[in-house]
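When the chains are written out, they are named A, B, C and D in that same order, and each has its own residue count from 1.
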Amino acid sequence: MRSIRHHLALILPLFAILFCIEYLLVFDRITESYENRLKENYSLILVADRSVKLSDISHCDTLIEKTEPIDAENVLRRIKAGLNHESVEKIRSIMPLFISIKLRRYAGIERIERLKSELMSIAGVRDVHIFEKVHDRLYAMLLFMKISFTVFSMLIGAISLLLLMKQMTIWQFEHKERMQIMSLFGAPVWLRSGVLFRLAIVDALLALIFVVSALLYLVNDSSVRELLSAIGIEPEIILRLDDAAVLAGVSFAIATFSATWVVLRFKEEQ
Amino acid sequence: MRSIRHHLALILPLFAILFCIEYLLVFDRITESYENRLKENYSLILVADRSVKLSDISHCDTLIEKTEPIDAENVLRRIKAGLNHESVEKIRSIMPLFISIKLRRYAGIERIERLKSELMSIAGVRDVHIFEKVHDRLYAMLLFMKISFTVFSMLIGAISLLLLMKQMTIWQFEHKERMQIMSLFGAPVWLRSGVLFRLAIVDALLALIFVVSALLYLVNDSSVRELLSAIGIEPEIILRLDDAAVLAGVSFAIATFSATWVVLRFKEEQ
Amino acid sequence: MRNVIEANALKLAYPRHEPVIKSATFEVNTGEFVFITGASGSGKSTLLKSMYGSMPLFGGELHVGGMDMGSISGSKLYKLRRHIGIIFQDYKLIKEWSVEKNVMLPLIIAGFPKDVCRAQAQKLLTHVKLSHKSDKYPLELSGGEQQRVAMARALAHNPFLILADEPTGNLDDYSSQVVWDLMERANEELETTILVVTHHIPEMFSAQYRHLMIENGVIYEIH
Amino acid sequence: MRNVIEANALKLAYPRHEPVIKSATFEVNTGEFVFITGASGSGKSTLLKSMYGSMPLFGGELHVGGMDMGSISGSKLYKLRRHIGIIFQDYKLIKEWSVEKNVMLPLIIAGFPKDVCRAQAQKLLTHVKLSHKSDKYPLELSGGEQQRVAMARALAHNPFLILADEPTGNLDDYSSQVVWDLMERANEELETTILVVTHHIPEMFSAQYRHLMIENGVIYEIH
């Protein structure tokens, strides 16, 4: 019972640290893919006189990837049912030109506002509609989440490190006397601190296994998959092979560092 | 130096616990206000024959709070400029009826789909447009955040508790011998464990002060305010007076509990 | 007042072990000076433990200072201990406290003001020839010095009963003499009752004072 | 082989303290049995510490087993210690280990197989009359029993040098005799060099063996 608690003391902070690392990795990916998607979805509709040249608009800003006139037929089809041909023609002739603009990348609201004013300054452009409010809010939310997670992660990291240090202090308390006495009888370092390293390595391995299992579980849990797909994230973004390698490295590094620290802190009493 | 580290060991986990509690409180409020906002913003547009009665639609589902015919003038104004009066009249007469529907509360996509099919089954209803995709995604994101924060918080809570326990174990190591000897000379409990309680109370107070300061700082930081307003949250939602009371209670309860635990665990050796 | 110590068919045992003391019947009157001897592991320290309530009785009766040690409650036990001076076989000094504060311990517990405690501690440290070490910590002392600090602590609060477990085991002849003199003085001047476990009864005392011996778990009165 | 111990104007001091040993010049030959006495706090334990490298030299020279203790490096020191048997004044038994494992410690360090270690430990525990306590833990033993375990541990690996600090301070006459006999046997049969710090040189030895005394930081040869 006591030994389980002692293992936990190392495993849990390691677990937390690894979990946070993975979370931050995943979150970077999510943000990236979201930025791509926002670019796709982001639409500006420009209302202009028929005299405006498409190329003028295309060259107005490097941000613009593509311009496309919108087929006005769509707009008319709905109402032309009850109108005579002549009226429809008339409507068509006076209807403004609708141009859809695609952006190269998502660029944040300020940049877009600048683009808008640039476009407006082109002669003949009557209006620019930006359909971005909600997208921008989504992006802000994502940013907020990212910052929050970073804060949380730092917090977890800090407590975890402290917990590790505490565990090392306890190790010191527990092993100091024994190591002291063994050293007085000439025991080499590896003999008197072997127990510690064995403990550390085993715990690092266990923490790693727990994190990977937890993540695998998350990836395969149907409700998690649903939730992720609702916000448009592929579950496969979680836990890639190179992530696992990073986690393994961190886990073993921290564990052996902790044990080494205790061993190095050991000084023979006078 | 050593004593600073020892204070930290109690203050940091307390801080983390309090921070998480506050975060969860705030997040509940955010979600609530978002649900309200979503309800407001959520719009269904129903396209129907002029023969359809509004009351039929209103009574179709309890979710519906309000139905409003949309003024078709808006739609026509744009195109009527170049048309003669007669044509416009004609268009108006054959144009379908547009009805905006307001919901009582935000209800998730499935419930809305059911509502839609109910509405569609009413005679004369031609089409129902739901403008919710992005809103729904926002809500899903919010849910995702909430779950994530809960996971993070639980993790922090767990490590923090463990850290507290470790600190208590260290206290035991450090104070056991002294308490033992004092007890053999007849020192009453309060005398031999006074140090512990003083330590615990001071740390609880410090943790509380740190959390409140951190939150006050967050509330008043301009970039945080900007970010929050970008996602439509009033900064005042963070840190209310009753929150502070809860935090104070939790902090002191945990600290005195820890000290008491150490004191009660104390047994005279034989 | 009743006898300071009254043991009646006293039986002592550690949990899951054979009884260490099988039967002890004896009494010690106020102001007596008693030596207890016995082979290593015969139960001398165990017997002392029972007298300050650190060892539950396995059978029989034991009264110390009029208290029934078989049924004494926590707060009463603490009160009793505040009037006993103990020298433990392994000294039990508080490592984090200076020598002076260690000697002050029983006075701090009794609630005396700081300066009274300090003056008394200084007086006793002088008696055991350690006043120059009062600012040191126990681990900076030699074995014999630690033993003498324990002695000073046991005398600090003028207890009515002193229980000393091998108080001169790590002392040279001169220091031993200092310790024996102090005990004798307390015994004569303050009528302090004294129980000493030792392997070497000083010659000058051997005829004068009582001598109990533990053998095979039974206590015998030698003289 | 050179002398087992050679001290030349040896000076020992704790950091920020007056020197404890001001000048010690003496040598101990292979197979000698030497008693060291001195008042409490005179520096006997400190002198022993310097001999197993637990105390840096403040001045002078000290050679132990041919090693210069003033410049000995970590791994060589450990090697040296593996061939010394020490009985500490406060025993220094490992609390978490059973009595048997404690006695096995020097053999485990030497790398002997488990059963060899166990057999040797059992033999020595029998010698100090504690074979019935081999499964107990140190805190379950009386003071004198712990001291005898420390004795058994010091002899377990047949060291070329035994350093004993007050090895009979907590022992009755019979147990003391057992300890002295064991030391004498090791000394005679294995030519083990033995240094004993004690306040009570047993009478049968007092004429026969060398006797050094520390007074005011200086070592004198009594006989």
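The working rule: a contact is a pair of C-beta atoms (placed from the backbone, for glycine too) under 8 Å apart; a residue touches a chain by one contact, two chains touch by 3 or more.
Since the model is a prediction, treat every value here as computed from it, not as a measurement.
For the pair chain C and chain D, there is no chain touching both partners. Averaging C-alpha coordinates per chain and comparing to chain A, the farthest chain turns out to be C. Ranked by C-beta contact pairs, the top interface belongs to chains A-B. Separating the CA-averaged centres of chain B and chain C is a span of 64 Å. Chain D has its Cα centroid 69 Å from the Cα centroid of chain B. Here the spacing of chain A and chain B, counted between their Cα centres, is 20 Å.
For chain C, residues touching at least two other chains, in rising order: 14. Residue positions of chain B in touch with at least two other chains are not found. If you sketch which chains touch which, the chains form one closed loop in which each chain touches exactly two neighbours. Checking each pair of chains for touch leaves A-B, A-D, B-C, C-D.
On chain A, the positions that touch chain B within their shared complex are 5, 8-9, 12-13, 16, 19, 23, 79, 81-84, 87, 90-91, 93-95, 134-138, 140-145, 147-149, 152-153, 155-156, 158-160, 162-163, 165-167, 169-170, 173, 227-228, 230-232.
Note for the complex: chain C touches chain B at residues 14, 49, 52, 54-55, 75, 77-84, 86, 88, 92-97, 105-106, 108-109. Per the touch definition, chain D reaches chain C in the complex via residues 14, 37-41, 44-46, 89-90, 140-145, 147-148, 165-166, 169-176, 199-200. Of all the residues in chain B, the ones that touch chain C in their complex are 177-178, 180-188, 191, 268, 270.
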